[in-house]
Amino acid sequence: MKDIQKTPDHREIDIQKVGIKGFHLPLSIVEKKGGEQSVLAEISLSADLTRDFKGSHLSRFVEILTPWSKKKLSSVELKKILEDTRSGLNSKSAYIDVRFRYFVPKLSPVSGMESLLDYNCLFLASLDEKGYEFTLGVEVPVMNLCPCSKEISQFGAHNQRGYIRVKIKYDTDIIWIEDLVGIIEAQGSSPVYPLLKRQDEKFVTEASYENPKFVEDVLRDTILALRNIAGIKWMEVECEDFESIHHHSAFAFQREHL
Amino acid sequence: MKDIQKTPDHREIDIQKVGIKGFHLPLSIVEKKGGEQSVLAEISLSADLTRDFKGSHLSRFVEILTPWSKKKLSSVELKKILEDTRSGLNSKSAYIDVRFRYFVPKLSPVSGMESLLDYNCLFLASLDEKGYEFTLGVEVPVMNLCPCSKEISQFGAHNQRGYIRVKIKYDTDIIWIEDLVGIIEAQGSSPVYPLLKRQDEKFVTEASYENPKFVEDVLRDTILALRNIAGIKWMEVECEDFESIHHHSAFAFQREHL
Amino acid sequence: MKDIQKTPDHREIDIQKVGIKGFHLPLSIVEKKGGEQSVLAEISLSADLTRDFKGSHLSRFVEILTPWSKKKLSSVELKKILEDTRSGLNSKSAYIDVRFRYFVPKLSPVSGMESLLDYNCLFLASLDEKGYEFTLGVEVPVMNLCPCSKEISQFGAHNQRGYIRVKIKYDTDIIWIEDLVGIIEAQGSSPVYPLLKRQDEKFVTEASYENPKFVEDVLRDTILALRNIAGIKWMEVECEDFESIHHHSAFAFQREHL
Amino acid sequence: MKDIQKTPDHREIDIQKVGIKGFHLPLSIVEKKGGEQSVLAEISLSADLTRDFKGSHLSRFVEILTPWSKKKLSSVELKKILEDTRSGLNSKSAYIDVRFRYFVPKLSPVSGMESLLDYNCLFLASLDEKGYEFTLGVEVPVMNLCPCSKEISQFGAHNQRGYIRVKIKYDTDIIWIEDLVGIIEAQGSSPVYPLLKRQDEKFVTEASYENPKFVEDVLRDTILALRNIAGIKWMEVECEDFESIHHHSAFAFQREHL
């Protein structure tokens, strides 16, 4: 059977990335406390394609990924996937993008009841002639209360759910999702909780009222907090507030090389 | 050229709906104040298919819809589209679902500045042996402030953006989107506005604090308001609050025949 | 601390559904072969609220759901959740909507290689004075090849990914997702596969070319197949083809009480 | 009334972007043939914020944008919006992201019937100390037919809808959306059409069968076509095929400075 992908190509264009996307797979992510968490991942995996060939063998990407549904995964194993991709596709570079919802137990602030809060997470990694690079991304929901509204009003202050979206690159061994989201969610007016009894709701309401923050404040405080984490060498931070008084969002954005 | 759609079918199944969906078209919606508003519509149009034939001629749906990009549309013209569909497809029934974002000018509550607020709207219509039936749907963003949080806290109260989603059937001539959204957005703790200067923000903050509402309150008040509109004979109401203290929503739902 | 939810209400409206939605939780779904599959669920849980009270205690919904992240779930346990909801909220009725992506191992048709195919699934259940009712929903991707295009063209035929979306109610003990999706995906021109080597791709291409189907055919064949499953008493079927020759979809829809 | 945004800030962080996002507005885009097209835009507008101040005055962004719902817009006017933003916010830089669906009349290839095809478009622009930079983005739906499937199969070949997503920067006066999408949609196996009668469907089926293309081919041909457009100095191209034989996509990506 002819291998038309291997046909020579005459357009003289090295392609930077060819691969699959929108591929779903259950994965096991290593947890900080030991053990693993089953997640539903949406994956994009790709590699470069030299000018010599007409096409990539895309089934190999599926072959490389499928066994990982039965193994545990952290940023270390991600490098192994990229090495397998590079050798399986005879490529110089390989890229992966893994998105999943990750759950962290949360204690309600007064009642101490436990529930599970979900965070959208992202593992991005590349392996090329410059080496291996890993980016960790998290999206952290928080409650933000408007300082202007509080200041100018006789009572009350508008507040809303906001998201702090952080991507970091670092050169230490590992930064745990659990630690990173814990640090970030302290930067809003208040963390959010899946489970709040009345005493908890009173606490969150009062605590956020006493800690008003614009998206600009949340962004700056998040940047300061991230600068304090040893090993972080690059960060991208976006804070978005789903304004309760508008039908649009307020946002602030920053990218920094440390 | 063979017309394979017209081939007889032996499975003896009359199909209720066959058609197109995810079809985009610019449309001109008649405004209350006269004039028209250009909207981007996403349309589904379908008709029944008798057991006698293998398939429908789907290109006819596109032929029927396309000229409407140059004409004005209200619930009256919608009936014309369904009549054309029924005769063009030799069908007993025809259905249409038109979704679009509609803009209504809004004055900021204190400064009186004008801006445009967008509402997701829906025209649903069917034409069959029982006659023509039209359903109007609107999604109205509001600000809702939690009565419990206000009651139990020393100061402040959590609040958030909420959506009141209403579908109605009526037997009066016309109920304008402008009127319907105006009535509905008075049922939250406060309307939302695209443009709020500081004096407006103070007003909205204080007004919502003095008008706390659970989703249950918003639902009940919306039902009462809709029962008061002459001609409404059926309604479906869903209120959803994007809780600022949680990572999930609170909601309430009701369906009523009047 | 005052319980403002328990405050009497004077609007005299019994609310049909009050609850939470957009709540994420990892769940363990019982597999046909024994064992369990960890899934990421998006849940809506609600109950009716009598006219006597101003509001529901929404934290109870979270308290009821959270322990299920550590237990296994099938349609049987779903009833237990609704019973707990009804008693926990002092309600007459309770409703749940659970959506998740479920993976089923699939063998490539010629090479026999194993990979995992994902299906969007839905558990809908209600418990009220009329009893317990469960609805199972699945969305099955298939490949569909157009009979008209094949018939009128000298060579080739346009084909595309389609989705067969089925909801069923049944009065037998259990209908497994694995069995249901297996029956449904035989109704398109060909099943789809995560992993296809060249000999598999040849097989799928030729098999689909010899089995051309309109969405109308897919719908009718799915209806016939479902009518043959003992115990099914209600079905809703939608087939949608993401037409490769258009920028919109073709679809067919049917609802049947058996 | 206190202007808390103007309060000095002591964290010593200049913020790169602060603004609004998810803001909807009807806009009038200048068409190539003269005249204007009403579109529904989703806009993000932002500016930098110096370390001296606690917050931005976000209502100004809405004030700057709102009047544009009544004026016509091209890349030239976009610069005016950014200049107004920079001066209105006392900023050194301003950024805008405008997304809208744009319609172009299309003639069916044999019958010559006219219909409207929709393309997702993007205007991105920035104004800072380095000057004004404009990026035009379009997403073009095409039909792609797999060369491998055709080669190895006795008859037929799988094909599917694909999207060619292009972003370009250029230093000529204007590149029209109409011209750009016309050039791009010639790079797939076939363009797609809203309206195809039988003779058109035969044409598209046969033409695509005689013009098989991998995503890699589509990417390379798009790159070659764009390199031929005078004035383009930067491009980003992504081709994604919604594989009819899989439940995931194939894709190829390239970024080039010319």
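We call the chains A, B, C and D, going by the order they appear; numbering starts again at 1 in every chain.
What we mean here is this: a residue touches a chain if its C-beta (ideal position, glycine included) is under 8 Å from a C-beta of that chain, and two chains touch if they have at least 3 such contacts.
Computed from a predicted structure; not experimentally measured.
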Shared touching partners of chain C and chain D are A, B
Which one of the chains is farthest from chain B, going by Cα centres?
A
Intercentroid distance (Cα basis), chain D paired with chain B, Å
28
Taking each chain's centre as the mean of its CA atoms, chain A sits from chain B at a distance in Å of 34
Chain B-chain C separation of Cα centroids, rounded to whole Å
25
Residues of chain B that touch two or more other chains sit at 1, 23-24, 118, 148, 152, 194, 196, 198, 202, 247-248
Which of the residues in chain C end up touching chain B in this complex?
1-2, 4-5, 9, 11, 13, 15-24, 44, 46, 49, 54-56, 58, 147-148, 151-152, 214-217, 219-221, 223-224, 240, 247-255
In their shared complex, chain C is touched by residues of chain A numbered 1, 3, 23-26, 37-40, 59, 62-63, 66, 69, 101, 103, 113-116, 118, 194-199, 202
Which residues of chain B touch chain A in the complex?
117-118, 141, 143-146, 148-150, 152-161, 190, 192-194, 196, 198, 201-202, 204-206, 208-209, 242-248
